[in-house]
Amino acid sequence: MGPRLFPFGVDPIRPEPTTPLTIILDGVPVAGVAGQSVAGVILAGGTLGFRRTSVHGTPRGVFCGIGICYDCLVEVNGRRDVRACQRRATEGDVVTTQHDALPPGGAAA
Amino acid sequence: MTNNVIIVGAGIIGAACARALAVAGVEVTVIDRGTVAGGTSAACEGNLLISDKGPGHELVLAQYASTLWKHTVAELAEQLGDTFPSVEYDPKGGLVVATTVTGAGPLLSFAAGQRGAGVDAWTIDADEARRLEPDLGPAVEAAVYYPEDAQVQPTIATEALMASARLHGARVLENTPVLGPIHDSAGALVGVRIPSGELRAGRVLVAAGPWSGQVANLLGVYLPVRPRRGELLVTTRMRHRIFHKVYDADYVGAVGSDDGALQTSSVVESTASGTVLIGSSRQQVGFDSSLRVDALSEIAAKAIRLFPFLADVAVMRSYGGFRPFMPDHLPVIGEDPRMPGLWHATGHEGAGIGLSLATAVLIRDLMLGIIPPIDASPYSASRASLAPHLVDVA
Amino acid sequence: MNASNIQVLVIGAGPAGLAAARAARARGASVTLLDSSDQLGGQFWRHLPPERPSAEERMLHHGWATFRELSETLEADDGCQIFRGAQVWAIERSPERVDGTAVGLPGAVHVVVGEPDGVGRQRLALRPNAIVLATGAHDRTLPFPGWDLPGVFTGGAAQALAKGERLAVGRRVVVAGAGPFLLPVAAALATTGATVLGVFEANRAAALVRGWLPNPWELVGAANKGTELAGYLAGHLRHRIPYRLGRAVVAAHGSDRVESVTIASVAADWAPIPGTEQRIEVDAVCVSHGFTPRLELAIAAGCALTADRFVKVDDGQGTSVSSVFAAGEITGIGGVDLALAEGRVAGHVAAGGTASDRELRQDRRRRRTFRGFAARLEAAHGIRSGWPGMLTDGTIVCRCEEVSFSALCGAAESTGSRSLRSLKLSTRVGLGICQGRVCGRTVEELLGRRLVGGLGDGVTADRRPIAAPIRLGELAADPVADVATSGVDEFDQRNSESTRGPT
């Protein structure tokens, strides 16, 4: 159960064969298809929550999917705060999930 | 004279004065054309600084203020209870870094002068500076650590002081602009006209920050408070990497400067929410609040000089506010000799948050006829350094 | 000024922006077209990347031929410079005006060009003669308990992933909220292999009838839109998706991801009706309650807004700021045909034409018709006042800063503040990285209703002088002022192929 890429042979839009790619999510290879967003690869790989929030430590993932909500932030190849839904995955991308603790005594709303 | 006061302005100065007077039993009415903490107090860093002040009257006021903050914060927390947001008082200390060889000498002699005036200013070497701030860049020519520098969240501090004032009986009228003065037959100010009619009181205290000149003008006197715009950047949240208030030594020069043109200096610190606050520019552009990209670029470049890792960090927000600039760099605290009944508590430039508590004590004591804990005469509207500026040349 | 000397900058390459660019070119102006995406088409025509050509991609779209024609024409046109991956992060107002010319200077538009959220993207500072803002809108989703769980998506997310990647956000999905947009969301899911368990529209039949029926002739005029909707409805029947009125998702449940949702009947004002709850097991839920226009650039440019918070425009789509035009969803939510008509008028007038020109006759008529249609939509599907009945004390209102409903109300109560700015700063609501894009209007409504006398500081959540995050290193770099010599048009050439897949 969960997100999945529409199986290739069934899709009525008659797609041509896709090119596979692999990204590394927190050290684990995840298979995707060339042209997908980083978020799409992560979702299709079965992970919905891939960030932990700073105040309550709860999981978050894709929410708006169009770059508005910034809930899907990940580190890509060492650069932080990349919206996974806006960034195209490229072969070998090293994606690290972000969990930023508040400073000691930091505000908890 | 009746025991009541109208305070014009619901920023931190008005709130602190309202609280001090209300606690002393004075009947206080605060009016503001907007809302509490609607102006400069919601658009600044919340600095409680000693480090940027050289020997002189402003330093004396700041030193006195810094003795007041800790117990005031505790009083407010006790009085307002757990549901009230924390004022985020943090005596984190300040680190001033000279990033150039030419900046090192002036910083060290400035600190030496401050030590002579009782400031805790520790000259430290680059290694010690890096122990305090491991992510400092290579450009550390000299550094001075100021353990007395502290921080509050200025908007919450304002709300807290005002909430406390209310609990002591102060009345706050928001969305209530001053329309004009009410004078008695002798020419003394005995109240203000507001949209709903008249408000009368024995004294009217103008605490309208950078708008104090406009309010004073409405009431019939000229006061040379000018707006000086300051711009800040806020980064996205990150892990805690900056532990003190960190400035490059240019800050000292920019604050004291009379130059109206754009000046920037780097002030970098973490906030309780995990963001980093980066300031700030200083520019006299009237009340023009439009975004100036050149100012932001300069601030960014200087912050990166202090902390190179910031280059890859994203800015998500900028905000700017107007500081109440005085031509002789001192606030005006006390009665206006030109108009009985008119009082001022304004002109604190970029130091109003820190100086608010001390200002309130002076105002309270002067109004009640008590001798204040520090000499109030240097801040008087009749001081010699202000006299040449009290003639309206505009 | 001769039209050929006019530089028109179009911000946003969705339907309105593409139409504006085309119309401005038709009058001979030179055009620069920016979009933050690496594709043209905006959210409406979000499509598969060039790596994934598909013979029948048009099946996923409405007006695909129009998109192909617009985008291919502009891409082939040397007078239209297209920047993909171009994020406008600030607009500086210019006090100067050039006298004696038809078009003044609207100010500097600051752009970073490169991969989304990249590092070291190229900075541009553009100073066009006219700007057309076509920044569109995004879903508005009201908070409810559990809406912060992974697996809860906006409708826009489901659509973007379906159309842009052929990814279904779940296998067993519920679609809920309000508005006709729920139907294409459900259709997109169904045509991407998901089972849509139901579409739950909070408004009731009576509201829909009131909204749709008083002037049915307008629907006839809006034939294209009507057909589109009818198509979606037919699609529902085909896929056997239940469509229920007067119901809402009032909670999502799960530990680390959504496992089920509670559906309840809601009153005409959307207040949930106790005792009507029904739990459904799902692996995803898509919720949208309408749209919020993306106003930050318009506000930065100084454009006046209407009472209902869209960009105010005149007959020629001109805003209150001379030489700044607006088209599409930022002037009102009205669908693709209205966006296209407004875009054509805006581009034409920005390029020196006038609103009364003969060639705009048809667009003026369409615009009238579709605006009437938009008003009907709002009447039928607009957010109703009882929605906060869904909230519990612990419901997160601001997702970024994790501010709960009770924390927000508690701060308002304890401070006595009536200032949005102050309450933002004291609770951090709306101060996180999305800068209140998701929660801003919700917070304004919640506070405005709760506070005696309403909010008193006249501040709105829509003002964002920094319109998109920019790295400090990028900000510190000098911008390139002259686009022609910048070389940035070589950015990511692969993306220029993105609309050249098989038709």
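Letters are used for the chains, namely A, B and C, taken in the order the chains are written, and counting of residues starts over at 1 for each.
One rule holds in what follows: a contact is a pair of C-beta atoms (placed from the backbone, for glycine too) under 8 Å apart; a residue touches a chain by one contact, two chains touch by 3 or more.
Labels paired with UniProt names: A = (2Fe-2S)-binding protein; B = FAD-binding oxidoreductase; C = FAD-dependent oxidoreductase.
The shown structure was predicted, so the numbers you read here are calculated from the model rather than taken from an experiment.
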{"item": "Per-chain CA centroid nearest to the all-protein CA mean", "value": "C"}
{"item": "Higher-contact pair (C-beta pairs counted), B-C versus A-C", "value": "A-C"}
{"item": "Separation of chain A ((2Fe-2S)-binding protein) from chain B (FAD-binding oxidoreductase), taking each centre as the mean of its C-alpha atoms, in whole Å", "value": "44"}
{"item": "Distance between chain centroids, defined by C-alpha means - chain B (FAD-binding oxidoreductase), chain C (FAD-dependent oxidoreductase) (Å)", "value": "40"}
{"item": "Chain centre separation (chain A ((2Fe-2S)-binding protein), chain C (FAD-dependent oxidoreductase); CA means) in Å", "value": "22"}
{"item": "Of all residues in chain C (FAD-dependent oxidoreductase), the ones touching two or more other chains", "value": "117, 119, 401, 427-428, 432-433, 469"}
{"item": "Per-residue overlap in chain A ((2Fe-2S)-binding protein), given as positions that touch at least 2 other chains", "value": "54, 79, 81, 107"}
{"item": "Residues of chain B (FAD-binding oxidoreductase) engaged with two or more neighbouring chains", "value": "85, 236-237, 273, 312-314"}
{"item": "Touching residues on chain B (FAD-binding oxidoreductase), where the partner in the complex is chain A ((2Fe-2S)-binding protein)", "value": "85-86, 88, 90, 236-240, 270-274, 312-314"}
{"item": "Interface residues, chain C (FAD-dependent oxidoreductase) side, partner chain B (FAD-binding oxidoreductase) - complex", "value": "90-93, 108, 110, 117, 119, 125, 300, 401, 410-411, 413-419, 421-422, 425-428, 431-433, 435, 456-458, 464-466, 469-473, 475-479"}
{"item": "Interface residues, chain C (FAD-dependent oxidoreductase) side, partner chain A ((2Fe-2S)-binding protein) - complex", "value": "36-38, 43, 48-57, 59-60, 115-119, 138-139, 148-154, 156-161, 164-172, 191-193, 256-257, 283-284, 398-404, 407, 427-429, 432-434, 437-438, 469"}
{"item": "Contacting residues of chain A ((2Fe-2S)-binding protein) [partner chain C (FAD-dependent oxidoreductase), same complex]", "value": "1-7, 10-16, 18-19, 33-37, 39-40, 43-44, 48-50, 53-56, 58-71, 73, 79, 81-83, 85-88, 107, 109"}
{"item": "Chain B (FAD-binding oxidoreductase) residues touching chain C (FAD-dependent oxidoreductase) - in the complex, by the definition given at the top", "value": "34-38, 42, 80-81, 83-85, 153, 155-156, 158-160, 162-163, 166, 172, 174-175, 233, 235-237, 273, 278, 290-293, 296-297, 300-301, 303-304, 310-319"}
